[in-house]
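Okay, got some structures for you below.
Across the two complexes that follow, chain A remains constant while its partner is chain B and subsequently chain C.
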Partner chain A sequence: MPADITAAIDEVAANTLLHAAESALGTLSRSGNGSLGPLEAGWGASVSFSGGTITLAAPDTVAIANLDVAYSLNLSVGIDLSFLDFCLPQVCLWTPWGDICTPTICVDFPTIGVDIPFSSSAQLSADFGIDTHLSAGTWLIDVVIQSIPSVDLGPAATLLLTAIGAAISAALLAVPFIGPVLAIAAAAITAAFGIAEVTGLLGSIISLFVSGLTFTVYRQPQQLQILPATGPFDPAVDVTLVSVAADVQSSTKNELVVSVDI
Partner chain B sequence: MSLTGTHHAFASIDERGTNRALHDFFTARPRYLHFGSPPFVTATSISGTVMAPIPFPGSSGIAWAVDLTVPQIDLFPPDGPLPAPLVLGPDQLGISTEVTLTIGCTADQEVTSKGGGVMPVKATLAVLAIAHPVSQYFGPGVGDITFHVDQVLLPDVAPPALRLVLDCLIEMILNAVLAEVQLPFTVIDAGFIKLALEAGPTIADNQIELWGDIS
Partner chain C sequence: MPSATQTLDSRFLRVGDCFAQRFSTPGTFRYALSPLPSSLAAHHDEPPRLAVVVAAGESVADPKQHHAKDDHDRRTHAVTVSLSNGTLEASPAILEITAGDVVVWGPDRSVTFGFRVRGRLGEQTVDSAALHTESVFTHAFGLPGTYEWVDANGSGLHGRVEVVSPANMGVDDVERWLATLQEGTLVHVTGHRAEPEAVQIVLGQTVVWAVEEAPGVTITDRTLLPDQSVGVSPRRGRRSR
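On to the complex of A and B.
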């Protein structure tokens, strides 16, 4: 039996609808920890999604190509410089008036924190499924990513690696007494990780946002108000959305079709 | 053939949905089915709309009431044959309802003048009508559909001259009632899209259909 209400949009309108859903999702923020080679990096990240080209495929696939993923990271890396600790031994010189000795001088280097802000963007293409469900009295139609796609993070990782190196160098310059060993320190630290480690960290962060990525394209209360109250004798008029279903139907066009019984 | 056709968006509500929406409307606002003067309706409320008695010289006014049942909609094509001369064509809908006409009979003026009651005299008549949809569009997602009655038939009324009078009376009443009954676009697309109306409403395949784009 056909549904009481049928609403359909083609791929052109689906693009409009999905882009609105991307905007509605807004900016997502998370934080966590990850490894950067032997170093532990804390991070905070914000990600937003926009654009992309939607194609529909029956029975229930919404494919999004070239979805823009804009992200901002703030990496915090703690670098233990104790490997640079050194001591100048006591040195004594004979003089006719007796030995003159220098004290033993030891320099202990601290653990420094380095913050690395970084922003970039990437694109991803993926198939999304359609999930229609009733949640706490609200009908939702979500398009949900089906698997984590590969995202080309190479150029961004290169830039991030450069930014990390620059940030570490700047931080080292502020460490007292490091002048003589600055080059040693910078070389030792940056040798500890490379593009692979940076790409891995970046990928793990982006994956957290992409995994389960969901755009809500329909959100209506089960008791849908179709007319507001207009006075003491004309209360609001509601209809009950008894069931909601959504799929992709293919004929002369591919269309996202929502079927509702009231 | 796709649902959206040459447009990008489509919305429709079928006959069952239309009837359920009307049922919900009249359940929430039953006063649009019940009109009358005192003593039948003493004050406007959610359940009834009070109106003045029919003024007539030599009386204090004729008490009256009109009560309708929730109209049942039959979207083209018709569910069954209609009595002549009614013909349900494309982009039209049939309406069936029952109307109860009541007057407060005070024929015995002496009884009335002595404080006697008004005796309700009523007749319940089956009503069949042909109507067409009328849309109002104010902007994307904001619009509604109402129904305008084109022809009414009270099949049980005779003689024909009386029937014509009542047909016309009921047509005016139905149009007045239905002008207040709006099916907003929200109920036709279930709030899925903000439809920028480009075509429709049309009535075919037992549903009211709209086409357009979304913004």
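On to the complex of A and C.
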């Protein structure tokens, strides 16, 4: 039995809906903990999506290519510097009333916290499925990512690794008595992790945002007003959208078809 | 060792600092350790918790002989200050010395804030925050830069320490650097004058201020004082790192 109302949009119109949905989704924020080799890393991240090109494929696939993923990250890493602990030797010096010697003074290097802000972007391409459902009196047509795609984070990971090294060196500068061994300390710390560990951490963070990624491309209140009120004795006329379905149909071109029963 | 403990200020002894006093007069020096700029904490009628008992040295009629014997027999005694259950403790709490000996107070790594040594021997007040005579303050410099120091008590005493960091050290150079840390630099303070007024050291080395005949002075980084023209005409001292 044919639907009471049928609407179809082509890929051009679908792209417009997608870009509007990206703007409506806004910036997503999360925080968590991960690891950078032997170091524990706390993080806070914000991600937004833009761009991308839709290709429709029957019966229900919305493929999005080259979706831009812009992210800002703040890593917090605690670094235990106790491996540098050493003792200042006794100093003996002549004074007008005889030699005076200071005691040996042992220096405990602290655990320092290093914050590393970082921003970059990546692109992903993935297949999305169509999910139509009623939520709080509103029909929603969502496109939902079907699997976590592979995202090329190589260049960004390299930049992040450099940023981490620079932040660690800057933090070490403020630690007393570390100056002469600063380069040695920085090298020892950054040797504990490399590009693989950075890529792994970055990937795990981005994956959290991409997993289950959903864009709402269409929303319609269940109660649809078809005639407005024209007076106190002539109220508005509504119809109830009993069911809404969406799929991709191929005819002369691929279209996203929305079928509505009232 | 947080960077805050690296401030140059003899009013508050921290890890890396020492205060030393030569006791030339027999008697009992009762003293307290305090993080506060308070009045005397020990009184004559109270049993001393912390004290240096100074026994009379062997008297010598010939001043030349006395000087030679003094140099030969003078001893340095170390008192370690530690923090236990929130209280500053000295070890040993009661120290027995001979007149002419020197006592050096130094905090261990448990002490996380600055403190002063202050007490009385007879009518003489000994105070690490107001150096008078036969007093020594030492500071190991852990951060590079130029330190303009002054007397926070306003005598006009001042000087400069330039701390240079050896750059691009390899593993082999570290041993050589550690060896240089045994070398101290002396600044002799007489009254309100320092000699030399300016010194240059390598990061990690110690400067020793030996004070005599002074009106109760401090060795304080000028930048720590709200009025940076304390007792002297303004000087352009910048901390560069």
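The rule is simple: the second predicted complex is superposed on the first by the 234 of 262 C-alpha atoms of A that agree within 3 Å, B and C clash if a C-alpha of one lies under 4 Å from a C-alpha of the other, contacts with A are read in each partner's own complex, and residues count from 1 in each chain.
Note that in this section contacts are C-beta pairs under 8 Å (C-beta built on N, C-alpha and C of every residue); 3 or more make two chains touch, one makes a residue touch a chain.
Treat the numbers as computed from the prediction; the structure is a model and nothing was measured.
K.L.:
In the overlay, answer first, second, both or neither for which of chain B and chain C A:Pro59 touches.
P.N.:
Neither partner.
K.L.:
Let me test your reading of the model: by the given contact rule, A:Asp108 touches which partner, first (chain B), second (chain C), both or neither?
P.N.:
Once the two structures are laid over each other on A, A:Asp108 reaches chain C alone.
K.L.:
Of the two partner chains, chain B (first) and chain C (second), which one does A:Asp99 touch, if any: first, second, both, or neither?
P.N.:
Once the two structures are laid over each other on A, A:Asp99 reaches chain C alone.
K.L.:
In the superposed arrangement, which partner chain does A:Gly212 touch: chain B (first), chain C (second), both, or neither?
P.N.:
Neither chain B nor chain C is touched by A:Gly212.
K.L.:
Is A:Asp234 touching the first partner chain B, the second partner chain C, both, or neither of them?
P.N.:
In the superposed model, A:Asp234 contacts chain B only, not chain C.
K.L.:
With both complexes overlaid on chain A, does A:Asp10 touch chain B (first), chain C (second), both or neither?
P.N.:
First partner only.
K.L.:
What is the contact status of A:Val260 with respect to chain B (first) and chain C (second): first, second, both, or neither?
P.N.:
Touch partner of A:Val260: chain B, not chain C.
K.L.:
A:Phe86 in the overlay: touching chain B, chain C, both, or neither? Say first, second, both or neither.
P.N.:
second
K.L.:
Report for A:Gln220: first if it touches chain B alone, second if chain C alone, otherwise both or neither.
P.N.:
Only chain B is touched by A:Gln220; chain C is not.
K.L.:
Inside the complex, what are the residues of chain B that reach chain A?
P.N.:
Chain B residues touching chain A: 1-4, 8-14, 16-17, 20-21, 24-25, 28-29, 31, 44-46, 49, 182-184, 186-193, 207, 213-215.
K.L.:
Using the touch definition up top, name the residues of chain A that touch chain C in the complex.
P.N.:
Going through chain A, the ones touching chain C are 86, 88-103, 105-110, 173-181, 183-184.
K.L.:
Contact residues on chain C for chain A in the complex?
P.N.:
It is residues 1-3, 5-6, 15-16, 18, 20, 22, 70-71, 74, 76, 78, 80, 102, 104, 106, 108-109, 134, 136, 138, 140, 142-144, 165-166, 168-171, 173-174, 177-178, 181-184, 186, 188, 203-204, 206, 208, 210, 212, 241 of chain C that touch chain A.
K.L.:
Under the touch definition given earlier, write down the residues of chain A that touch chain B in their complex.
P.N.:
Residue positions touching the partner: 2-10, 12-13, 16-17, 218, 220, 224, 226-227, 233-241, 244, 249, 251-253, 255, 257-258, 260-262.
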